[in-house]
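Here come two complexes built around subunit A, the first alongside subunit B, the second alongside subunit C.
Right after this comes the complex of A and B.
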């Protein structure tokens, strides 16, 4: 028997399955009689649907059903409301929320919006019929830019929402910030765009719906990150059936990063189609469709201002943002450019005053919802860019200016001016460790070596401080089998992060049982009564603590059984290393023996029944945690071509207690890669006039490839434990997206500082870098 | 529909193939070999890489009909007698996969890279894997795994 503890880099349970081709992703599932659905999507950014002539398509071979907005209206299905944590405008009135149906009812408002569903015996038949479907559109003017959408005279998306205005938002001390700006020695201001990107999980979205006419129950197998919340939407809001009638399962999910969080329209459409056809209905997005219809993220235009004293001490930070969210509020769309980006403004720096305000606009684009970080990467980037800009324009050393303004441990705990509860951390220490790791002593020689080749070299360091998010509650259930098996059921959801390993690791360590005995169940509304799914780096913080809580409830029950078996007082029983021990007599009994006894009435104390160790518990977070750290990058820039190479990258992260360093490394590396993608390569671009998506394939939207990345060096700081949760974890999933973009972009600016370049908008493509150099000269 | 005959994972198979069916779809739907994934529609992502007559091929770049008479190996055929291939072992050991969706293509590509160049350095691995996208790992652990897998394959 192998025992594994918390903190060990256990190899993953799930890998055998994935490495041998035995993973079960949504498109790997087939059912008897299964038929195929294809979504017909709007080719226009904004158009009235005048008529859909479905008869000839219906007559094509194999076609079973065509669903249009007219059908949807006739059936009386409900809309999908936003669950944004920010629901009100500054004046206290509710945000403007247009009705979001599973498909466009009479007007399409973005290229790719579902307009009809075609169901046929085979996928090819459905594709052919979808192409033949005759839809008469009346094109309208479109607006894709959120600033233009809010301007007078812009095309109007919704009759009853004037000015395409969703909401405005503010946080912080407006007057105090204004006063600090008024009395500061220096004020710098910079317009910063946070480029619109999309998650691109390598598995596209897809689902299979089945319906049983006898029980009137639905089954939805869905490549989703959040079965419980989305069941509530599909059952309660759309189909108007009790939640129990919809069994929602997520099989193996091939990446998500936020893009699979939402309740999309397509699963609702195929649930209906399954009932209408009496057949299981499969729908799988093509990659091109995913670019059109997956949620996008970031996409914020901000003016960021920093007030400083003569000696470089920060006085105040003020950010004003405009964010577009597409034509609907989607699931939590309004939150990211409002509360999401506001909370972590200012990062780990000591700002006496801060103020954040934003306006959120509807546009004729794909919906916006969370993408890895959902506001925190934007806040981190805005903060770090304005600090860097201040250093360059006012003549401070960028490293020193940061170092001198970090919050110090003696300032903690504290509430930031944005209301964030910072309980723990040692920002200067993490900063210094990052600097030490990055071989500053050898830097000058590396700059010289680059210069020999005609290449500029630059360095930047980017401390960040973010926070967790997502559902505050999580369920963990543990069932013991008579055959020695242990089943752990949790309502959070892995889309690749390795919960099948990290969660049993916690349980096995706490109970002192063999890790390999634990079978893990997730992503199933019938397996857990509640579940918060995936998002906000919440799994270990909320789910992991639920597992810990379940384990502690089990050992408490175990103590009673052990006391009974050892003829001891329950109070004298201690549990450690998988054994219950009477501290007075020295007698002990192993956890395995207690588990065995728990099935036998004769060996149990009164009031305990066989199977009594089975446990289900709900853990609720009281307050979100504060992951933080420091990233640094060294880049080479070729001034002749504008090409940027990230040569070296360092990260020191404070995620609290590290449960499995192997998996934590994976989170950092993957997050940094996505951060590098946003910084250098990725951008969603719509044509301003037509509203067509110009980056609608992997040939146009550049993802980082293996040779775009350097070998990263990663370390953890575990000496500032948090008491916000019993495991002492802070969350790891989104740090890379907060740290990497500012480190990389500021390193490029450092490299080009001698050329006079002060700012380049992401992504830093060779063309933009080259143009920046050319215009600075 | 025409029928094609080929060898898949060491076994002769015959099956009907639609004239416009891609090899990737044929393997998944006609033969039930769902370990070969489909991640894009432009042959960019590499999750469908298999071996055709010993070469690493994106199976979405071939029609099924073009594989008539070919010797095909998919991820399901890589392990032998229940023993994982050294490259599969190396991927697990180095945490070179997260969601697992790119993994079959990544492993199949890596096996050919290592076979054709037993002394792969990191640059050669990164260059060799340019046609295989991974959105989870940041590639670093994949590079480490391929380095170790190549060494193990050399024996």
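Right after this comes the complex of A and C.
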């Protein structure tokens, strides 16, 4: 196996740059004549904007421009439509979609909604003018809870959308499920909340817009996960210009997790400001603004029901959910609580029948959009929690109950009742390996040791099965330089995951060239004709296969050149280990010689021109893949304070072929950290009456820190290959968020089962745990 | 941040003169509270007087049953001091549990107690150990120093110069950290001192306070069990999104018992 081949744990190429402060994030970029924009945000959750008196602020030092909703309407800019994959209600009519402009036009509907943009020579001047801007609001009643928003008499967010109702949704076999419930021996039901969280990327959102009056072209440098899709929105929907007139670049992006997926209003505002002022305009969100205005995730309230036979065999699963999405549909907001959470209901278990239904409500809160997993972690948590609850209330062993109901390899391929194509996987084997890894033999002794200290110890295992998503197409382009350099351009985007390592790794391995020769280009609408950006664990699955496809097209062309140079028959040429070899004559020629020849007319076959090895190709996925695995946690709970510590954590993941185990570990660890955050620490809280955000800073929003995390043992299962794509990869990015929350929460419930505790809502804060113990006694 | 004049005096006299001549001056120690507040424009001092060059505010000494800490001493120095560790281990441990390494390297004891954040740790030690706060104008007993939420006995122009802690017979601090900020959701400092038992609670009320009922119970019987049945009523305590008053009341009991246990 070559040094940098597939499957090698190559260290991240980009790390030196990032760790030595040499990354180029938005705020590192400066342009001549650049000016600064500050967004004025609504201090109210719901208020009529009666008047904005901009004149005195305009007269302040350095102020160049103030943009209000009135200006926006006058300019006739368009709204940003939702790209949700679910667009219809159950009755077939389109979902209710309020107009979403880049800023509030006459009514503000959440604290933090952009109400005006102030542009000045310096950032401080812009801040001063923003503070001085006189806005007259007429406060209205607000509703932040989606259940209350859908109830009669709730404050109405939109005149023409009665009842704050966006859409309803269903999937699965309603009647079959009902029949299974009616005839089952046992039925358990539990209300489960998936707490509302936010991504808190290290780098806040920000962008720089420039405009060239001569060409009428715009340049937008933006901390985004998705340059192509968002260009389509900014250019096509908002500015009404051809897409080619907007060059959209994402430089180094410091984390996204879904919060940088969408087309937000601020970049559109500064594009306009750049044209109006004739100057490059920079805008950078402060951390507080980030809490207020980044998209949030999860935030679903569900009733989950499980039907079982006497012996514990699962008969059916039924989930009904209410999700709030803020006051707009945003980019894909309506999808998560509908199709997003529906598809992977039931996890890797053999459910004969399933039914999922949901209602989606508008609320006076920040918008909802994907957050690492976008519905799949919700589904996994719902499934695992109800199984655990059933085991406890009906007296089954939770480990055994799970094990016996897993789909077995002989059942595959199969379409689940939720319509998911499960082609590969060995769920019982992955489950057993996780159990074996987690030292069950030593468990009793550890429980006793904890008890010595007055501490309860608990264990839980959580198999999960999810799916990939995001854009189905990806472009990969390879350009060869005469100096031996190789440039790889791909339309997917890294926000820190290591694409600069994994993608060149695939190319280098396929072409048999040195990894260090490959320069990686991403996040630029001019570098690739299309691009699916980042999201849905799609990079290797779609982008990686595009690279593989490009490499194979290159070696096919290489064969023709080699055949020409070796005076061989093309069919006799074999390519392996970086060399083309005539299998008949034994003569061979190195890849590098072929590359060199590809620049010289005289050394090429007639139909080929110099530079002919340069290749651009589009790979399209036929069908989404099924990442799966099994996570397990051991926790300690202090019954006196309610404090929880995750002591040990194990994961066996089936991501298909592992391209780079080091990067895969990073994905698992990061996902588990975020899953632990959701399980124990994180929650976005709005005041019920005022709609003010109560968790608006890191002093109040509890992110997991290094010392909150346990040592993790991670292994991969690669013995159930998928044929859904040539690389044989299944996706790795969101698995941790699916496995960790149920493993951790159920382990806490296990620890407290002797106290009689059956359920605690996430996050399992010390006070909630303490109260659960107290009320169970 | 708004614009302000920046000064860095070399002596207390110079600092006093600058203060007297300024419109709305503020002292700056480690800046761990002051700078975020200014960045968010919640404070708009006309002048900032940086105390970092004033030698009279530095220094740490331990001897004759007393630990004296200069106002500008960062938490990390107290936490890492062998002398403090020997004389009052509970104080070194408390300092080592404040915030994170960056905060401990910048934040100072003077800034911490002058600020009197209801969930700060040092006030519990100052009150629990019956320390004396020395200022440019006078000496203030711990019992008279902390007056209300973010309020102290200090006059506007009065500077803390040092704090002296009499070494107790034994003492311990038990803290339950807020998972987000890592400040104290509740913290209890228990000390057996020459003048009697002292129990100081931080994080739970508007301002650090003593619990007399616990002190009396522990005077009779210095054991965790002596505290059974003694609770600080919830209606006197803080409630926020992190912890209800009832939970804080419960934590005070748990932490007090643990502190007693820790004193060994």
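In this text, the second predicted complex is superposed on the first by the 774 of 777 C-alpha atoms of A that agree within 3 Å, B and C clash if a C-alpha of one lies under 4 Å from a C-alpha of the other, contacts with A are read in each partner's own complex, and residues count from 1 in each chain.
In this section, a residue touches a chain if its C-beta (ideal position, glycine included) is under 8 Å from a C-beta of that chain, and two chains touch if they have at least 3 such contacts.
Just so you know, these numbers come straight off a predicted model, no measurement behind them.
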*In the superposed arrangement, does A:607 touch subunit B (first), subunit C (second), both or neither?*
neither
*Touching A:20 in the superposition: subunit B (first), subunit C (second), both, neither?*
first
_With both complexes superposed on chain A, which partner does A:441 reach: first (subunit B), second (subunit C), both or neither?_
neither
*Figure out whether A:765 sits in contact with subunit B (first) or subunit C (second), or with both, or with neither.*
second
_I'd like to know which partner A:723 touches here: subunit B for first, subunit C for second, both or neither._
neither
*For A:695, is the partner it touches subunit B (first), subunit C (second), both, or none of the two (neither)?*
second
*asked:* Once chain A of both complexes is superposed, is A:131 in touch with subunit B (first), subunit C (second), both, or neither?
replied: second
*subunit B or subunit C, by number of subunit A residues touched*: B
*Applying the touch criterion given at the start, work out whether A:706 contacts subunit B, subunit C, both or neither, answering first, second, both or neither.*
first
*asked:* Quick check for you: in the superposed arrangement, does A:681 touch first (subunit B), second (subunit C), both or neither?
replied: second
*asked:* Under the contact rule defined above, give the subunit A residues that sit at the interface with subunit B and also at the interface with subunit C.
replied: 124, 288, 698-699, 703
_Footprint of subunit A on subunit B - complex, ascending_ = 18, 20, 28, 33-42, 44-45, 47, 74-76, 78-79, 84, 88, 91-93, 95, 97-104, 107, 122-123, 125-127, 129-130, 132-143
*Footprint of subunit B on subunit A - complex, ascending*: 9, 11-12, 14-25, 27-28, 124, 199-204, 252-255, 257, 286-288, 495-498, 662-663, 665-666, 669-674, 697-699, 703-707, 709, 711-712, 736
*asked:* Using the touch definition from the top, list the residues of subunit C that touch subunit A in their complex.
replied: 1, 40-41, 176, 178-181, 183, 241-244, 247, 250-251, 254
*Partner subunit C, residues of subunit A touching it in the complex*: 124, 131, 288, 640-641, 643, 680-681, 685, 694-695, 698-703, 708, 765-767, 770-771
